[in-house]
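Letters are used for the chains, namely A, B, C, D, E and F, taken in the order the chains are written, and counting of residues starts over at 1 for each.
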Amino acid sequence: MMRTSFLIFFVLSLILSSSYAAVQDFCVADYTAPQGPAGYSCKNPANVTVDDFVYSALGVPGNTSNMIKTGITTAFSSQFPGLNGLGVALARADLAVGGVVPMHTHHGASEIVLIIEGTITAGFISSDNKVYLKTLKKGDIMVFPQGLLHFQVNVGDTPALEFVSFSSDSPGLQILHTALFQNNLPTDLITRSTFLDTAEIKRLKALLGGTN
Amino acid sequence: MMRTSFLIFFVLSLILSSSYAAVQDFCVADYTAPQGPAGYSCKNPANVTVDDFVYSALGVPGNTSNMIKTGITTAFSSQFPGLNGLGVALARADLAVGGVVPMHTHHGASEIVLIIEGTITAGFISSDNKVYLKTLKKGDIMVFPQGLLHFQVNVGDTPALEFVSFSSDSPGLQILHTALFQNNLPTDLITRSTFLDTAEIKRLKALLGGTN
Amino acid sequence: MMRTSFLIFFVLSLILSSSYAAVQDFCVADYTAPQGPAGYSCKNPANVTVDDFVYSALGVPGNTSNMIKTGITTAFSSQFPGLNGLGVALARADLAVGGVVPMHTHHGASEIVLIIEGTITAGFISSDNKVYLKTLKKGDIMVFPQGLLHFQVNVGDTPALEFVSFSSDSPGLQILHTALFQNNLPTDLITRSTFLDTAEIKRLKALLGGTN
Amino acid sequence: MMRTSFLIFFVLSLILSSSYAAVQDFCVADYTAPQGPAGYSCKNPANVTVDDFVYSALGVPGNTSNMIKTGITTAFSSQFPGLNGLGVALARADLAVGGVVPMHTHHGASEIVLIIEGTITAGFISSDNKVYLKTLKKGDIMVFPQGLLHFQVNVGDTPALEFVSFSSDSPGLQILHTALFQNNLPTDLITRSTFLDTAEIKRLKALLGGTN
Amino acid sequence: MMRTSFLIFFVLSLILSSSYAAVQDFCVADYTAPQGPAGYSCKNPANVTVDDFVYSALGVPGNTSNMIKTGITTAFSSQFPGLNGLGVALARADLAVGGVVPMHTHHGASEIVLIIEGTITAGFISSDNKVYLKTLKKGDIMVFPQGLLHFQVNVGDTPALEFVSFSSDSPGLQILHTALFQNNLPTDLITRSTFLDTAEIKRLKALLGGTN
Amino acid sequence: MMRTSFLIFFVLSLILSSSYAAVQDFCVADYTAPQGPAGYSCKNPANVTVDDFVYSALGVPGNTSNMIKTGITTAFSSQFPGLNGLGVALARADLAVGGVVPMHTHHGASEIVLIIEGTITAGFISSDNKVYLKTLKKGDIMVFPQGLLHFQVNVGDTPALEFVSFSSDSPGLQILHTALFQNNLPTDLITRSTFLDTAEIKRLKALLGGTN
């Protein structure tokens, strides 16, 4: 008798679960289908495996042999399909001695930085031009409210490592010096809209590969 | 008989309407009560009048006798109480000949600029440092996606007027040159996080009233 | 040496930017791909140009030779692809002398009206049947909270022009008299659900092209 | 030994739970504190009981001795404190023979109607003036998309009962005939904005208690 | 003359309505096109009929011949296409004498239960392990805040019927005993993560068809 | 002359900035004022300092001398005022050898776990009772979609450390065994709603301090 009711229940469960398994729990990114304002299309749930929810690239130190002496590795929904639509993302920054995460913003995302190793001076600037600046040590966290300019500098004499959490799975990233100087925005318009002088703009355009 | 049923209906309506009039339709800002993450507290609906929903300051040209030759007047929920919680705001910019709305961002809001008079070159920069630049004439509109750096310059030989619509009633506003140079952010940290040279930073700090 | 680190950085930037350029900044509407509840699918970012973000139809006065003596031109995401997903839209209304923007609602969007020329009486009605009515002059703005019935009438003796901002890129628009009388909703059901009398309903159905 | 670790765990649990019990689970309405755009302030969790989450008024048939021959009873966050901030609400409508839920909108909420007893013709009208009309019997449900005009009529020869679910805990309710005729909106403005004729407006104002 | 202006208006209306009819009002699910994080793709509005907004399966009592003596029938967006994107859903539960809606959660949705027939003991548990328990009779409603464990038991001596409303059109459903015991989650991991003993886990795995 | 225009600009900036500094950038929690559904009231911005945005408690290893051999330290908006309203939070878990983060859910938040030290088996269960299980090593991350049951076990022979990021600043936390057994939920109701047997429930109630 127990077997009969179990069988009925089991079949019932199968029917129930198959009918609403699709959209409810997750929407793993299918990078080959159309995107919309809310994110990527969903991979067929039948083809989803645990590996869609696991990502290992943040385990590898970033290359710091560059102008900013910092390697940045992101786990956003554009690289890590399981994050799609879930509203959270992660990144890793390795800062060599003297390394910097340059002045930047994330449109549409707040951020928490967590110091794993080293000593880092971090800051953000509010709409009324006030500076919130702090030197952080191992285990400290600091939050940068959505969309405000912020930066970090390794001020210690050892390499530093930090992990960064975002309130979006697709937080955007606009780095100030590349946004201004690594493209063809005319020097005259930069001068007029930022009050930087022409010589300085030309120097940075040359350094960063900008034209005009 | 009609009178009786009308009376019953009228009383019923009074009871119904009084019971849910409060939060549903609007939440006019009460600037004297606590604020929360979603906006200002609501004024008692009994004290709300049509004047809470009307604002006249955008009818007055802004003063352009300043460094940017532009007057900006905002109608955000912090000035215009009826907007509170409604997710839309407006501003007006008067640009004298040569005037500029400097490079800036709005965190958490997209923006549409509408040209009423004059000829304006407007642009925004995307995350991958690409420039979207256009010279706009009367009646043109241009949209700046949320959180990206953008600016406008009056490139004509007459004054220009534009109105700006936002996808938030509290869109924030971070102006690049005042954010960087009109405060006490140490010159050394600016240099390291933006690659601007020290002399240029000191020149702009002097111009804008920054220290350190 | 600087050249080497610059090259490394430049390549690094290319890799980084290409990897997350897609969804983050904007989602220009691709009208040929499937839509979802959050809006249109995104055009391939590689094919996006500045012209996707600029729209000129609001620069042309609307035709007022019609029953409402008013021309309405919209810049919603269904016409202006750059707006898709950005949560803001614009429209223009030209009201001839005696023109009217008829009683209507926008489901899911609040609205700010801005008077550019003329004298306009505007009003909205709240859930408890209270009327908020004001005569607006050039430069005044008025906000209509989400979903409430509202209207505008040109009460001056010159043409009027207004621009309207919405808290959605797809604000919807339900005009009362066409919703009730420009279709096949049976007269009997209209009578019972609105208390309008049969003769009046039939007159308006005849005027507006309704049947039944 | 088990006792010791249990005690430690128990104390730890107390500390943990007391530290984040407040905002996370629910926000029962405190009708005496300020409201904000997202809803009522939260009652102190220490004073919350199960009775804040239970509501019995929907168990009582509404009075149908009125002009619409229908009694409507709501369980919105303004009456049922446990709903505050939870994004769902309920209402009950008792329709006598010939009763009607008049043409109305809910700003900011979609609605599902569920027929418990009787035969009801329900309909909604879309932005392009198309009518979606259906006669529903016991057990049928119909959804009315957010903000669109809709109504129900008891077309059977027995009383009808329906329950209505909303996608908001504060769904608003604008009833067309009381919005237009049960206030002081001048007849001339109603005529111009709705195309209804003056005599009909005056008749309905007289019926419903409107002035002007 | 009226005819001319009417014709112009009629044509204008057609043009206007056709240009924005698509996304604004609703997004009926097209189960054959890609899904995204916000829901299913939209069916072409030209093919939408009133039947997409009506659903009759909740009118049929669920089969209670199973282990839980309860039949559950859902009207979520995965079965009822008109709900897609509208943020509300419904379900029906028929509980035989002794029937139970087992301990479960809905991720991302709050729920209101409405008792139509019978006597039901319902409860939920908050984050600080507090129990909110109530015996409900016909007409009572109870709300279960988002994501918390809850259950219902028919404690009367007659069958019970309830309808359940959700604050999402895709509310998810995780039933505790099937989540733990109706799959291949290793017994050892269940023991360690729940403190249930091995024999009890094995008994329930056998009962429910779990392995490992 | 430059001085004059600078002064004018400086005064203008002061006026502008003071007028909208309040709500836009952040809403640091004021734990003494009323809360609402969207979070805590905001501290007066004039009293906000950088220390409101920095938190150091995650730098201290948690105490693992307890039943779960794991110490959990949270940085939610209820402890870390700068997070309020920002939609992201962090926690730290120290797992001794054999330690476990027990089976639990977060209502209204997805989660990313990041392994800093050790070897951890982590898993979650979907609505259709499927298990997603993986053994993670240093540097791996895994995402648990919103509201689903999940757990972690230190399966290595050294202590483990992980940091956890959430898509909410107030993610909630319902631990299965304390929710079921550390309160006065009657044993009979637990049996009926979970299918656990009475003896096992009584054993766990005794272990965890539950009654009834």
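In this section, contacts are C-beta pairs under 8 Å (C-beta built on N, C-alpha and C of every residue); 3 or more make two chains touch, one makes a residue touch a chain.
Remember, it's a predicted structure, so these values are computed and weren't measured experimentally.
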Along touching chains only, what is the step distance from subunit B to subunit F?
1
Quick one: which of C-D, B-C or D-F reuses the B-F interface, over half of the residue-numbered contact pairs in common?
D-F
Once you find the CA centre of subunit B and the CA centre of subunit E, what distance in Å lies between them?
41
Return the distance between the CA-based centres of subunit E and subunit F, expressed in whole Å.
27
Distance from the mean Cα position of subunit E to that of subunit C, given in whole angstrom:
34
Report, in whole Å, the distance between the mean C-alpha point of subunit A and the mean C-alpha point of subunit F.
20
Residues of subunit D touching at least two other chains:
13, 20, 24-25, 34-40, 67, 107, 126-127, 129, 133, 145-146, 148, 172-173, 178, 182, 207-208
Chain pairs in touch?
A-B, A-C, A-E, A-F, B-C, B-D, B-F, C-D, C-E, D-E, D-F, E-F
Which residues of subunit A touch subunit F in their complex?
13, 17-18, 20-21, 24-26, 49-51, 53-56, 58-60, 75, 80, 82-83, 86-90, 109-112, 114, 116, 124, 126-129, 132-134, 136-146, 148, 163, 165-167
So in the complex, which bits of subunit A are touching subunit C?
34-40, 63, 65-68, 72, 74, 76-79, 107, 170-173, 178, 182, 207-209
Partner subunit D, residues of subunit C touching it in the complex:
67, 100-103, 105-108, 121, 123, 125-127, 129-131, 133, 145-149, 151, 153, 172-180, 182-185, 189-190, 192-197, 200, 203-204, 207-208
What part of subunit A is in contact with subunit E in the complex they form?
2, 5-6, 8-10, 12-13, 16, 19-20, 22-25, 27, 30, 33-42, 84-85
